[in-house]
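In the two complexes that follow, chain A is the common piece, with chain B as its partner first and chain C second.
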Partner chain A sequence: MAVETRQGHTFGDRMPRKEDGRFIRGRGKYVDDLQLPGMLHSAILRSPFAHARINGIDVSAALEHPKVRAVITGKDLEEQGLAWMPTIAGDTQAVLATDKVRFQGQEVAFVVADDRYSAQDALELIEVDYEPLPVIVETPRALDPEAPVIRDDKAEQTNNVIFEWDHGDKEATERAFREADVTVKQEMIYPRVHPAPMETCGAVADYDVGTGKMTLWVTSQAPHAHRTLAAIVTGLAEQQIRVISPDIGGGFGNKVPIYPGYVCVAVASLVLGRPVKWMESRAENLMSTSFARDYHMVGEIAATKDGNILGVRVDVLSDHGAFNAHAQPGDIWPMGFFAIFPSCYDAPAAYAEATGVYSNKAPGGIAYRCSFRVTEAIYLMERTMDVLADELGMDPVELRRKNLIPAEKQPYESVMGWTYDGGDYHAALDEALRIADYPALLEEQREAREQGRIMGIGVSTFTEIVGAGPKKKCHIAGLEMFDSAELRMHPTGKAVLKIGVQSQGQGHETTFAQIVAGELGIPAEDVEVHHGDTDHTPYGLGTYGSRSTPVGGAAAAVVSRKVREKAKKIAAHLLEAAEGDLEWENGGFQVKGSPNQRKEMAEIAFAAYTNTPPDEEAGLEGVAYYDPPEMTYPFGAYVCVVEIDKGTGQVEVKRFIAVDDCGVRINPMIVEGQIHGGLAQGIGTALMEVIQFDEEGNHLNSNFMDYLIPTSMEVPKVWETGETVTPSTHHPLGARGVAESPTVGSPAAVVNAVVDALSPYGVRHVDMPLTPSKVWGVLRENGVEPF
Partner chain B sequence: MRIQVNVNGEPREADVEPRLLLVHFVRDTLGLTGTHWGCDTSNCGACTVHLDGEPVKSCTVLAVRANGHDVTTIEGVSSGADLSLLQQGFREEHGLQCGFCTPGMIMTATALLERTPRPSEDEIREAISGNLCRCTGYQYIIKSIEWAAKHNAPTRVEVMP
Partner chain C sequence: MQVPAQFDYEVAASVEEAIELLRRHGPEARILAGGHSLIPMMKLRLAFPEVLIDIHELDGELRYVREDDGVLRVGALARHRDLLESPVVQGRYTLLADAEKFIADPLVRNMGTVGGSFAHADPSEDLPAAFVALGAEVVVRGPGGERTIAVEDLALGPFETALDPDEILTEARVPRAPQGSSYFKVERRAGDYASAALGVALWMSGDEIEDARVGMCGVGSTTLRAKEAEEVLKGQEPDEGLYKRAAEKAAQECDPPDDARGTPEYKRDLVRVLVVRAMEQAVGRARGAEDRTADGR
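And then the complex of A and B:
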């Protein structure tokens, strides 16, 4: 059957995706698909110990392997000053270990061979003399005065503390707690999880000795930033480095950092003058590339007896693993945007303090489908809200309704220093409750309890903070967090848009074309979007923290408007009218009051190359670098219904209702898809996923049999999505980022539902993941009979 | 070892190591990179191809095992500008985002519809439960497969409940 061709989609349409044509045919081009003439393959030798001194490495047997071309160790890199690299959090990370290994799976040696299998074989031939050292796995132990100092490579480091940080008004918050009728306090752990995109991380480096140019194909969510960092790390001139981020098989934050494998392939290609590929295995992905979360938190709320919040207080111990490779939008934010924790509630006082520590675990933590720790913050707040509701004997919905920031107070100035962008939180909650039919659910729960079934209803309401970010507040490794778009119209009225953000499945080739289409009155089919090649796109900071639409999407709108300004001059020339007499109407310029004196964009574009006004340059193009004035604040209200099997402890998510407000939707179909995917990941976090270690620091979840992610069987049959649309006051299109709201809002809704189900038995909190064995234990401890 | 495999209807010959996995034979030796690789433990299904018409995880099959047999990969389910009904279904119903799991999903679903032209939702969920997708939350994948099933026999009159 022939492909259906469609014409004329624009902003706001459910346009089928442009990128699908190649993916459904198996014609996507991912990093591992690349085959270059003469390309070599590689493998990384990793530490079996979580903490050990390296007394020596013998690579001679590996070098004798007939198919091995090179073996690189930390010593070799040290000679070039490349044994350590900077992290985006301003720390250093070992590329290949020299002095010690600090987590199990750490990179020790890099083997280059003719094929993948030989490279793996040669790993067995390398002898490393390790002297095991005491290990820190449990985060609080990092603070023990007698704990071993993990980062003894850093002269100034005498303990395992990375930072101490606080934010908010401590005194006012203490006063609120003194004066409150009711206070609650809940300890909780947001466990270490992994983004686990279906494509692992990898790179191909091709150094051309003839031109001196290094081309790096990398699984990168931020190709431009990676190029700059690559230039700094390797000392190559930046214009001699070309980073190409081809099709990316999911990122979710996993593909933001620079990993040792990327540096090693580049070094190997420089040394050998041939292309070299490195592709990590799933075990390597789960063991060594960035984890997320690992937050040990205490949340407290002070309130009046009728449930008005007076103050919120948080204490956090944050585990960053062996190197601080935390994704943070600037050194003033060692906790990312955790300071959003009072969230959508009108809290008159709030205060957070935190300590970040090293441990003998993989470095991180990255923002897994998260805008820099907002996920942890919202989970903490939503869990503590339910604890407060329990303390007050109040319906959690009523408690939330009472404390949500009223729409009249928007744009709201939060006590933590954020300016919100116009959300109507009550409307979202009302809509979620309407879809859920909350009164009927409560009735159903009453009946279920009478029948001895364990059913729970969980609610979470939240605001996110996404779109980093305004240069007055944010940077990454010193780079301002603008994003960019370059638009060129061709004589035939077609356009090319080049952007600095990077899709990993979000569908930018479609949505960004829709933005231009909406602004210029041409079909989105006529706009081709380029991204992911630093030689051919304007500088941008990439895609993470839901920043594509808030920052890159705004740049696309702004550049389209710049092009329209020039188009107006050309239209005036063509219509022999004064510019001031023209108006923009339905995708063309017309003389005010005489709609038949009109020029469409396609005609104007043609004239830009064939009939330009006397005082105008030819061509029709522009570039925009957009500095967002403020963050955007997508928000939502979620309801989760669960039932627990008394015998097995299995939690079944019966229903999940998600009402999201991401402002104006560019492509509602894509928005829904993003929400579905994020909800599945949130449910995975709540019920299944955790990275664990034994006391020796052995990683216990290095494959998909031990690290369980949701399959088609663990997710509810229907994601009951709904929407409210309140345009963002901080964005030229009224849009907010959306893809992370579902992972931010859903874990708390699930846990709240499970705790609600168990509340008749006196349960107030259970830490994630709520696996059958954990819930089974809670049931038995609380005297629930299995049958 | 010399093997001959009938891949997407064409005989392909190569000298391979006995330990070479079918997924690497297809991807690296033949350059058919639509079949993906996503795990070490036969859990993800990104590598699903058909061996004599049956879906198999090609990371779990040695290339030599395919000697003298028929292998179909995603590149073989349609040709040129044409699309199979399932490929169309995935596009119509937004059954993919990053596209990495998509070829495997389509191969699994193709085998399902060959066996069960009108699968129930539960049958679809069960059939794809060995194919992981981290992006979509599965609902639109199910709808994509239902779309293809619905268009499978356009002459048949559907009685909808």
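And then the complex of A and C:
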């Protein structure tokens, strides 16, 4: 329970979220809540075909609709050089199709009308002459020599390969495999899933004809980066663009890219001189905005006969859809941080190679609640570890324990070139096993099996890699990945903190206030946090890849300390003491050895505007741009217990134990909330989620009746969370990002549990999602009868 | 935001007026009751009614759940929630409460209506299957007066009923309460339509099953009645071997679609499993045994 003290809340407290008052009462202000005088509405005509040549578009009937104000096609945009836009992966993406459509749901025309209904009605009046082309849905088919070339718009593109990449020491890894007692190899698919935020994507563009200023309210996880990209794409001067991300109803990576709708509203507002709103439907969100995963992987481990890992080898075929809009922190990372795959294990050799391909599916490859392909990497490793345990006849826990990086090797230099920032992985695993009561679980499983029940226990241990920068290593479209905070104390001791990262539900207004509170000795209630308005916040790269706390949070701590330095000068002046004689104690400055001679922050702040030292400027404020020396590596140990109904194939997650170490916790309640949500999403991925297509490329589940996400009924009634706290070796607060660990670590724990349940029947792997019908098929194939 | 195509809108002040409006506007008019199936279909532009005739003001006439002289009468505007919470239903028509727990979510159950469940004729709808097991009929009223249709004869195909365009469904009637009943459903996730679902109702004579009915959904192009399975059960003393024989028949009597929920083989196997489970529970209830929790819910 939250405990409120007279002084209010500070760093480390379970402070109730400042945001929740408005969110719980339905008073949040989202893009779709915006109503501007004279605002027009819009709708996008989308391709019914997955691959087709466009021979012509006739918009004349739509233009005759009495309430239609404009119809924009790719041809119109082409004249302005705006038919194509850059993606964050350095590729190009059609804003509105000119030559071909390349996935079902692709944007073809944009209708602006007096109201949303008329815009939608007018879509049915547009005639498009499509010439259907052969379609690639099955990823491996993209590599067929006779496969149609999807990106024939690019002169250099003669096949469907986007990139070929490798990383690690190939020779050393091959040697490890040659010399190993035991090797295992497992193919697996991490299916194409969707982040599915509750709020779909949308934007309102308001071009002010009088001032020449364009204001864009947009569902963006990275408003500053979007402003810069908008300036580059449209040619508008950057100071004439103001991007506002108001309350955002969930992002999970889905709101990192720029979508064609954003460009279209901006163009429409420029042309019409009126505000224009575009808000996509659920179906549009699921069909056309960025998906995640779609990795076709082979994992191999070489080990000694007693289970010491000698090498790890990985081969990946990654499907990026029609345009490569994959999220990557710079062009040297076509696989994001996938190279983290040896993870928390002390692997002496590792090597990965990968091929990225185009297909006739929606563009993307976004980091869905994960830091740039870490989820895929950890799933691959954790599944392959269980396959190795099975091969060795070893308890998966013992195999992990044997190979976890020992705490004394931290900060650990991995063979893949990462420098970990501390961690005691054995302690986290022990804690998870303690909560789970692992010996009792094994006994329970033995009894269940005697009774003919199918129960499984799955374990996953992992490290994440989050918090990009450092800026020398990471950038988004050339923008280096630092982040920022600007802090100003008001005369009455209250403060305003402006940050470059952007909350989509993470609770920044609370945790960032707690950071300042902890550094300055004022209540978090007295710190107002501003974000999401590029005219009023310092430049930042936004929130994704769990980078807010590692980078933005560090900036907030650093700027608070800068302000505290100036406060010390003022305190010295007020106390008529030398600065060197003062000490910071309990939220104020006092003369060493005489605690009665003391000034609280509120008094110092007042003096900053009324009684400054002679050699100091008035005011008490600062700004910090923080470039992290390294990424942070939160880690965890998860245990999942499932029971399978052998009659129906239904999997019930009976228990889920999650021990996370994200270093020092700024607000443990928010950390736990993040973990609960991420675990639910991980269970959804493991058990039910997959974007499905038929062989013609028709999207088969573009609504929440067909694209299943878990409800409270599919998750355990109680999440059994635990923690270990190993401070980050380099973060100013000792903190790491946490929100993505549960999504990264949990799918493997669930699948490992299901496979463990089925292992007495000879099952070693089943691909996600583990739907009842799929599990039923595995049961019956292996001779398990319903009664 | 998903928005429907244009339509006209009328509000009926009585059942008689609703019938008159249906007659006047012809076959492209639709009754709007809870709207929890029709409106999503309109927003997805899968349904394009020209006129909606809103009957939400007819609660006084059509919203009730009561037993008169041993006959259960459920008004067309009774909400799912009314059925779920009715002590009569919980006590004597238990499979209806079982089924209701599986239907969508509390928000839909607050708004969605029993009449809508029948008139929508979705082959995956749970309530018609449960009512088939109860041997129920529906009452429909048109310009020529009232008639009744057995629930199993109501759907002619997916989303198609035996109602004339100017008829309105007003009531569901169960002529006699069973001694034991049960409804089981397999769904991919809470609130999903059935991968397979079925209800059984048993009328006992001492230890013998005098009469039995089995209603199924999600396993054919309409709600189905497993008549051959019923024949296996009738006149027999319940035991597991009997349940399995009936289950085998029911599995043969369905014709499940191949879709995202699974293959026909999978769904037939579910029917096999669910008949046995539903029989065990219904017999237990008929014997006054402890209620076994339906599928952990």
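Of note:
Quick note on the criterion: the second predicted complex is superposed on the first by the 780 of 787 C-alpha atoms of A that agree within 3 Å, B and C clash if a C-alpha of one lies under 4 Å from a C-alpha of the other, contacts with A are read in each partner's own complex, and residues count from 1 in each chain.
Going forward, a contact is a pair of C-beta atoms (placed from the backbone, for glycine too) under 8 Å apart; a residue touches a chain by one contact, two chains touch by 3 or more.
All values derive from a computational prediction rather than experimental measurement.
In the superposed model, A:N703 lies in contact with both chain B and chain C. Here chain B and chain C are compared by how many residues of chain A each touches, and B touches more. Applying the stated contact rule after C-alpha superposition, one finds that A:P16 touches chain B and leaves chain C untouched. Once the two complexes are laid over each other on the shared chain, residue contacts for A:M688 go to chain C alone; chain B is not touched.
With both structures placed on the common chain, the touch criterion links A:Q239 to neither chain B nor chain C.
Of the two partner chains placed around the shared chain by superposition, chain C is the only one that A:P786 touches, whereas chain B remains out of contact.
In the superposed pair of complexes, A:D33 makes contact with chain B only, with no contact to chain C. By the document's definition of touching, of the two partners only chain C reaches A:G647; chain B does not.
Judged by the touch definition given at the top, the superposed model places A:S594 against neither chain B nor chain C. When both complexes are overlaid on chain A, the residue A:G507 reaches chain B alone and has no touch with chain C. Where the contact sets of chain A with chain B and with chain C meet, they give residues 32, 116-117, 281-283, 703, 705, 710-711, 713.
Chain A meets chain B in the complex at residues 1-4, 16-17, 19-30, 32-33, 35, 115-117, 195-200, 247-250, 252, 281-283, 504-507, 669-670, 672-681, 703-705, 709-713, 715, 717-719. Contact residues of chain B toward chain A in the complex are 17, 19-20, 24, 27-28, 31-41, 43-44, 46, 73-75, 78, 81-83, 85, 87-88, 90-92, 94, 96-103, 106, 121, 124-126, 128-142.
Across the complex, chain C meets chain A through its residues 1-6, 44, 105, 186, 188-193, 195, 244, 260-263, 266, 269-270, 272-274, 276-277, 296-297.
Those residues of chain A whose C-beta lies close enough to touch chain C in the complex are 32, 116-117, 120-121, 279, 281-283, 647-650, 652, 688, 692, 700-701, 703, 705-706, 708, 710-711, 713-714, 771-773, 776-777, 780, 786-787.
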